[in-house]
Amino acid sequence: MSMSPTIMSLDALAALVPDGAKIAVPTDYSGIAMAATLALIRRGVRNLHLVSVPATGLQADLLIGAGCVAVMETAGVTLGEYGGAPRFNEALRKGQIKVLDATCPAIHAALQASEKGVPFATLRGILGSDLLLNRPDWAVIDNPFQQGDKIVALPAIRPDFALFHAPMADEAGNVWIGHRREQMTMAHASKAAIVTVEELRPGNFLDDPLLAPGTIPSIYVGGVAEARRGAAPIAMWGRYPIDDAFMRGYAEAARTEAGFSRMLDLLMEPQKAAAE
Amino acid sequence: MGAEYTKKELLITVVARLLQGCGHIACGASSPIPGAAALLTRARSNGRTRVTVLGSEKNNFFTNGGVELFDIAGEGRLDAFFLGGGQIDGFANINLVGTGGTYPNNDVRWPGSFGSAYLYFVVPKVILFREEHTRRVFVPKVDFVSAPGVSEPGVYRPGGPKHLVTNLALFDFDPKRIRFTLVSVHPGHTVEEVLDNTGFDFDRPAMVPVTPAPDAQTLAELRGSIRPEIAETYPRFAETAFAA
Amino acid sequence: MSMSPTIMSLDALAALVPDGAKIAVPTDYSGIAMAATLALIRRGVRNLHLVSVPATGLQADLLIGAGCVAVMETAGVTLGEYGGAPRFNEALRKGQIKVLDATCPAIHAALQASEKGVPFATLRGILGSDLLLNRPDWAVIDNPFQQGDKIVALPAIRPDFALFHAPMADEAGNVWIGHRREQMTMAHASKAAIVTVEELRPGNFLDDPLLAPGTIPSIYVGGVAEARRGAAPIAMWGRYPIDDAFMRGYAEAARTEAGFSRMLDLLMEPQKAAAE
Amino acid sequence: MGAEYTKKELLITVVARLLQGCGHIACGASSPIPGAAALLTRARSNGRTRVTVLGSEKNNFFTNGGVELFDIAGEGRLDAFFLGGGQIDGFANINLVGTGGTYPNNDVRWPGSFGSAYLYFVVPKVILFREEHTRRVFVPKVDFVSAPGVSEPGVYRPGGPKHLVTNLALFDFDPKRIRFTLVSVHPGHTVEEVLDNTGFDFDRPAMVPVTPAPDAQTLAELRGSIRPEIAETYPRFAETAFAA
């Protein structure tokens, strides 16, 4: 088997994403495509509609701070134990981005609706919350099987791209995600997954009964780039921990725009060096 | 008299008492005290209690992605969960979104509602947990309802708030009366202190008991087996939360 | 770790199923718990509501022929290249069982609704078919997000048990199903999965990053029994092929009740011998 | 002149012509001729065509269970699929359930509707494939509509029937006029034979062409590379379907 044409460089991957694209990104423990995110920032992408699945942190804060984001659809944006997300919070205060506040299972369910090709999902809960009041794109419908039972209907979320980092891809463009199944749903729900991996491997994972269960078939994958330590400074499960020093520094410095720029430059350094 | 213990050890013990008998307990992000309490409950359950700690690799059996916690809760396979809030009011409404100014352009923005607007409805025993006990947190009415404490008749709601644990006290919540009741005040604190620092009305018995302190056996368990278990997910917490 | 109390004998497993239970069973290529099915027939279970996920064959035909089934909810009952399912067809002709004719994705979607704890699923298609006419338990609702767009609503299917055969289980009661993901959905959707496996293994599959992605966690599993060649005479993927001679014989003989009894006895023989 | 070929080789060739240019083709259970045609299409596509053969381990990339075929079709990622029918009528309605007597207690019961009631709506190119061409199969009106050939305005229906291939002939279907048109009659058969054996009206040109026979290169491909590929799922078919 020859190398799939979907296997490309990090910059080629970033070039797939046009301004205004709707992009789904996973939560921090699930594989953050940080190297690809920095490539997007470097190429100056604008007006992204970012959907966090279901929450996000540094990745969204960097994109927002760099002016790449128009809409943030999320159940939570936080640096976790390092504190609030300073650029997200500031952008909201100043009204620079639109926020679509959601709840975790609503984002999952709306992606699953897209995965199934149905126009909407239903979900328990939410009724009586101010989330519902502020989401005119959501609806309340009747359960046709039980008189008087109201339930929230959520329109399917169909991102242009699912963007995430995974342990490995094979030369056919299949991506092994292991038990991080939310990446499978994100890939299915999106028009195309664009993925960075710690390593490219020969062969075809689908032929291996131990690898196949944790593999996203290439039909869902629009691009794959190798990016070693591609999630850093965020942790990659089973590989490397979060960069504690960077995160502490960022949480403090990014409270100001100047401090944010300094931290972003710090992250860009190695990439710039590699590109030269 | 009794052993020396930290405030966090006390809170773990208080929460663990509330969890007794639960078959499956889950703890969300940034919840080290609930996490430790759940692990303590499991250690004492003779194999009957399961614990899911989000963010843990060891104490997380899910193989269907991030949706599985919510699916399993929706199916009634999750007995207890924890929620907090930047604001909590006397109707048990919680606000995880922000305060000041006008939503969405709040002066203070918090991370967001996470799973609260769903789990608060479907998990039978939701324990509200917030260490800071001030009028800044415990307000007459929250500025944004991430998840309501009670629902209108007819709304599907097998779950909801049952207890509230803070640095000062333990409360129960009665969804019929839509009111909290003070159950006990933690050692070293007073009912007056609780009244002074709570922005909403609540019920209380004529004599408010003192929250029982952790006994020696519990402290030994916490410092022995629980501490390394919780350290997997919360290493810094494990370093500082336990005495001895 | 000690052996989970959910690990039991085949007869103990069969004893978990009361008369009248609603049982979901997979399609032939996905792992048929035939040994457990024979144990159910031996103990004389009655009035089952069988849900095939989404189609079925010999397993349902045996249960129907043995008088164990009251309701058959299915998208298809067939012996595949061996022809129609003789006992199913005869029982319908004589009005001995009730059939709930469905379409494959409707069964999948209704199980997924149960998995999510929502009261119903929606699905494209179906409109204008006689399936819909004959399913008063289904409804047609309005898409709240598009005027005039009708869509079929399917009440969640929540079986009492999912019954299937898998390659292996561990001593904690976790079941490895590999890429046969429909078994995962069946387990999630049902009150409990009852499972036979080719082999019991020590350890815990969830600790192994290669096994975890294809593993059903024990919380969904009500019982596990070891049953080597437990799918025979149906094939078990990666292990053994279908028993061609038996299937030819069955397709021919089971056209009559007497012939069916003979073939059932033939299947029961080894089990009876083992039980003595 | 022309090479010797079997009827099945002819039908594979006819179906493969209809599949040209499809990105993703799937074949359901018991569909060896469509399966072989799909594999032939893939072999000629220079890597642009994907094929999913249900029941195959090699030609099936799904890792999300049996639902994935339907999900992928619902998303528009499946371009072509095959359906048959115990009965097919001139409105392209298909019946996979039964005939005679009163449903559900039919005199003749077929297996059931499988995925037809869904895939017929969402897959852009559905090819009706039924070898037996008799008035028993091609009826004026089916006794049970497993899936309707056309839908009312407003019904979501990006897909539907495009062609009908039988042992005798190839038809196209026009959903606007709700009629089949005879495109060509297979070598050795006549328009009269088609008329005699079809229970519904259809359109036809004044001169009905003969279906082109497979050329030598196609036959070499079928007997060379396709035969072993289809044998993985349909060993008995592979033994008998091909000449030489």
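By letter and in written order, the chains are A, B, C and D; residue numbering begins at 1 in each of them.
Operating definition for what follows: a contact is a pair of C-beta atoms (placed from the backbone, for glycine too) under 8 Å apart; a residue touches a chain by one contact, two chains touch by 3 or more.
Values in this document were obtained by computation on a predicted structure and should not be read as measured data.
Shared contact partners of chain A and chain B, listed by label, are C. Contact count check for C-D and A-D (C-beta pairs in contact): higher for C-D. Here the spacing of chain C and chain D, counted between their Cα centres, is 29 Å. Note: centroid distance chain A to chain D, computed from Cα atoms, is 41 Å.
Each chain gets a centre from the mean of its Cα atoms; for chain A and chain C, those two points are 37 Å apart. Once the centre of each chain is set as its mean CA position, chain B and chain D turn out to be 59 Å apart.
Of all residues in chain B, those that touch two or more other chains are 62-64, 70, 74, 122.
Among all residues of chain C, those that touch two or more other chains are 109, 112, 116-118, 123-124, 149, 151, 179, 181, 184, 212-214. By the definition of touch given earlier, these chain pairs are in contact: A-B, A-C, A-D, B-C, C-D.
If you check the complex, the residues on chain B that touch chain C are 24, 50, 61-64, 70-77, 122. Looking at the complex, you find that chain D touches chain C at residues 29-30, 55, 57, 62-68, 70, 74, 96-98, 101, 103-107, 109-122, 144-148, 151-152, 154-156, 236. Those residues of chain A whose C-beta lies close enough to touch chain C in the complex are 109, 112, 116-124, 139, 141-146, 149, 151, 153, 155, 177-179, 181, 209-214, 238. On the side of chain A, the complex with chain B involves touching residues 26-27, 29-30, 53-55, 74-78, 80-81, 84-85, 88-89, 92-95, 98-99, 101-106, 108-109, 112, 123-131, 134, 148-151, 179-185, 237. Chain contact summary for the complex, chain A toward chain D: residues 114-118, 174, 184, 188, 206, 212-219.
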